[in-house]
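The following pair of complexes shares a single chain, subunit A, combined with subunit B in the former and subunit C in the latter.
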Partner chain A sequence: MSNALVEAQPLPAPLSERIAWQLRHNRKLDLWIAWYTMVVFYTLFGVVFVLMTEVMPPPGPDWSTERIVRWFSDTRGGLLNGFAIIFAVTGMAAMCNAIISYSMWRMSVSKAFSYAYLIIYSLAAIPGMLFCAILLTVGALRPERDPKLLVWLYEAAFLTFVGTMGIFLVGTLVWMIAILIDKNRVLPAWFGFLNICNLLTEVVVAPAWTARRGAFSWNGSVAFWIDTIVFVVYTCAFIWVLRRMVERETFSAGAAP
Partner chain B sequence: MTTITFSPASEPAELSDKVSGAWAFILIECATFSAYFIVYMLYRMHDPATFAEAQTHLSPTFGLVNTLILLASSWQVARSVHSARAGRYDVAWRQAVLTVALGLAFVVSKLSEWGFEIQRGYTFETNDFFAFYFFLTGIHVVHVLLGFVFMGVALYKLHERDVHSEALEIAGIYWHMVDFLWVVIFTLLYVVR
Partner chain C sequence: MRRGDGELILFWLLPALGVTWIAACWMFPGFNPPMSPRMPAEDVAAFYRDPHNAVLTKISMVLFNWFCVGMIPFLALIITQIHRMAHHTPIWAFAFIGCMAGGPTLLFTADLFWLVAAFRPERDAALTQMYNDIAWVTFSAQAGFLVAQCIFLAIAIYLDRQPKPVFKTWVAHFNLVVAAALVPATFSAVSLTGPIAWDGIASFWVKNGALITWLIVMTVVLGTTLYAQRREEAWVR
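Right, the complex of A and B next:
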């Protein structure tokens, strides 16, 4: 942090005054808003998908029709309320994409990387959560409808949620290349390599399209559990390195301090 | 944003960051593969008869040839790193090219083996053993393909005579990991009864 930024810190004061001071004077206000939005978004994502809708870990791909119908009835409240939250906050994903794109904008690499990531990830919410949320909401809205339709909605929802990873693969690849060839040291090299681990998980889920049971099915130990652990580590890592990036930002050209 | 020019004094720190980053990556990859191996062993313990029977349908010749090819490629990349350290960049470049050629031979051999197994009716959906066989060898081949990218960068740096670059060092570390993982996969799938 530069001296100017350090000297500009406010004196101890009531919280409301400190917030007002930050809003008026903090040069990184926009970056911090983007970063905190990202934290709030991923927290809500975790709460909704794990606790409220019980979509993670996913129920079985080999369930009988009766069991799937019962699942829709049992989790109806969670699905409707949880996904209502997701539909309300989906736009927050744009701030996550924005701060990641900003990291590439700040690098010594071509702006094409930043734009490519922004375009690719502007589509990511659709296969990443919206398809699943819409299909399961439709199923939960009328759990008494034709069981064949419920099975269709159930399978389509989980296959799109777990299996459609191509967008994430290419997006992660773009960010990885940018980090590794960047000379401004905006993000650490180890995180560039960690992107490889994440993009490989997108390959590992591919068998979920054919496996109805076992380690490679959509709730399997390989296709879901190991992948999810890597994804959680990766997500925690990028939230942390982006925080460090904001802290180190001086808005000057060239290498980050 | 202006692109900066590095002063020579700042370069070693950056390159060192990259090597340590590569090591962190290798450790995470090894941990991930270890998890795959544990899951494989658990499935095997759950149904030893199916795994033992299915294992007999694999070709040990293919497995052995693949192992020898990868070991030879690892030897070549080690020689290449030594040559580069000694400043013999032409030799290092040729040895790195040979590494890639052996890697390609491995991929061709692996594709032939898959074709051979599929022709005989053994696919991903045959049983749990063949699901793991195609998955483990498949994800390993993806790592070999990724290794070509690392080697490609190393070859470019050797061609440019970039004496500060540690691209070959990183490619070498990565290639040895790919080789090491193959040896474990070979042992689990072809050898352990």
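Right, the complex of A and C next:
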């Protein structure tokens, strides 16, 4: 790490003064803001989708109309409040994409990788998260709505949430290629290979568009559970490797230390 | 032609963008006054079945569609200014680009469902009400990217540490105030009544007032900056 990044560390001082010092002098402030934003976003995402809205793990595609109507009534408060939080913090996803795109900007690869990832994942939030949240919010808004329409909202929401593949598949592929051909060692090669696991899960969710029950349905052991476990491991891994990237950053050209 | 000339051409498209926005808001009968989320399905269907409303909805929503996409060159001009700031990384420009992709896409998703509701108003009233709900929830509650782009721009300005910053600090303060004014709208689906409801003072009037104010102020700020930049480049040359 260059001296410019570590020198003049403040003496032990109250927290407020240390924060003020960091705000004024830390050259990596933007990277740290991006990294912490990413941690907060994924934490909120987990709290809302797992605990508040009970969308993860998802209810079944083979549920009866009566059961779907009851599900909307039972989870109404969680759906409306939880997704309102997601709507408020949606933009934090842009910060996550920004730091990942920056990792590719820092690599020895073409800037095309950064731009491709940035746009793919900027749009990914819409079919991968927001359409689901909007449709379930609309369902929860009026539980007295015609049951046929509630079933339509329910199916469209979960199919877009679980079955959206292309953007995550291609986005992960772009990042993986960049990491594996990078000569600046910005991110470790093992993480490049871990990307393969994530992109393969985007392929195995494809049958969720046809299977209404069993392992390949949208709440099945393959289409949901394996996909989600890999996603959680992958997300924890990239949060960790990006933290290492920020710590090692010197803003000098060429290989990372 | 110099590079800055192209930016000025894009900049002078902004009045047309403003006119499109005002015309769309003025003409859409669903905004004057904002449709109540408490309207029964039959009333919602009757709204779209009214020939006068149907025509105005279609015209205004086509204009609104133009506005949604028209915002992108405007936001791109702001990105060129973020690139001129003294940052160590392009993170703020990247984050702003992310919002620039997401925000307009969601706005014209709302636009699409209003148009779908108006296209075949004789359909089942419950279906028309659902399209109308999707449009309103998307239009009102999807302010997250707008909130974030204001915050990102504000932080980018605060971190622009150079003797002559690109934007003055008050522009950052202003963007934070606008972001705060937009946040309540993201909760508009939580209640069908009161200030948070999509026809309420916070979710409709404050949010859209903040958005219009932001467009006007940022147009002036951007214009001033572009012309100042042009004068400096001419002087250097």
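To be clear about the criterion, the second predicted complex is superposed on the first by the 257 of 257 C-alpha atoms of A that agree within 3 Å, B and C clash if a C-alpha of one lies under 4 Å from a C-alpha of the other, contacts with A are read in each partner's own complex, and residues count from 1 in each chain.
Everything that follows uses one rule, which is that a contact is a pair of C-beta atoms (placed from the backbone, for glycine too) under 8 Å apart; a residue touches a chain by one contact, two chains touch by 3 or more.
Please read all numbers here as calculations on a predicted model, not as lab measurements.
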| item | value |
| --- | --- |
| Partner chain(s) touched by A:142 [first = subunit B, second = subunit C, both, neither] | second |
| Subunit B versus subunit C as contact partner of A:216, first or second or both or neither | first |
| Subunit B versus subunit C as contact partner of A:81, first or second or both or neither | second |
| First, second, both or neither for A:226, with subunit B first and subunit C second | first |
| Which superposed partner A:105 touches (first subunit B, second subunit C, both, neither) | both |
| Subunit A residues touched - subunit C or subunit B, whichever exceeds | C |
| Which of subunit B and subunit C A:15 touches, first, second, both or neither | neither |
| First, second, both or neither for A:89, with subunit B first and subunit C second | second |
| On subunit A, positions contacted by subunit B and by subunit C | 105 |
| Subunit B partner contacts - residues on subunit A that touch it in the complex | 105-108, 180, 183-185, 188-194, 196-197, 200, 203-204, 207, 210-211, 214-216, 221-222, 226, 229-230, 233, 253-255 |
| Parts of subunit C lying in touch with subunit A, wherever the complex brings them together | 37, 87-92, 94-99, 101-102, 105-106, 109, 124, 126-127, 129-130, 133-134, 137-138, 141-149, 151-152, 155, 159, 183, 186-190, 192 |
| Of all residues in subunit B, those that touch subunit A in their complex | 1-4, 6, 10, 14, 17-18, 20-22, 24-25, 28-29, 32, 35-36, 39, 43, 124-125, 128, 131-132, 135, 139, 142-143, 146 |
| Interfacial residue positions of subunit A with respect to subunit C in the complex | 27-31, 33-34, 80-81, 83-84, 86-95, 97-99, 101-102, 105, 114, 118-119, 121-123, 125-126, 130, 134-135, 137-138, 140-142, 145-146, 149, 153, 251 |
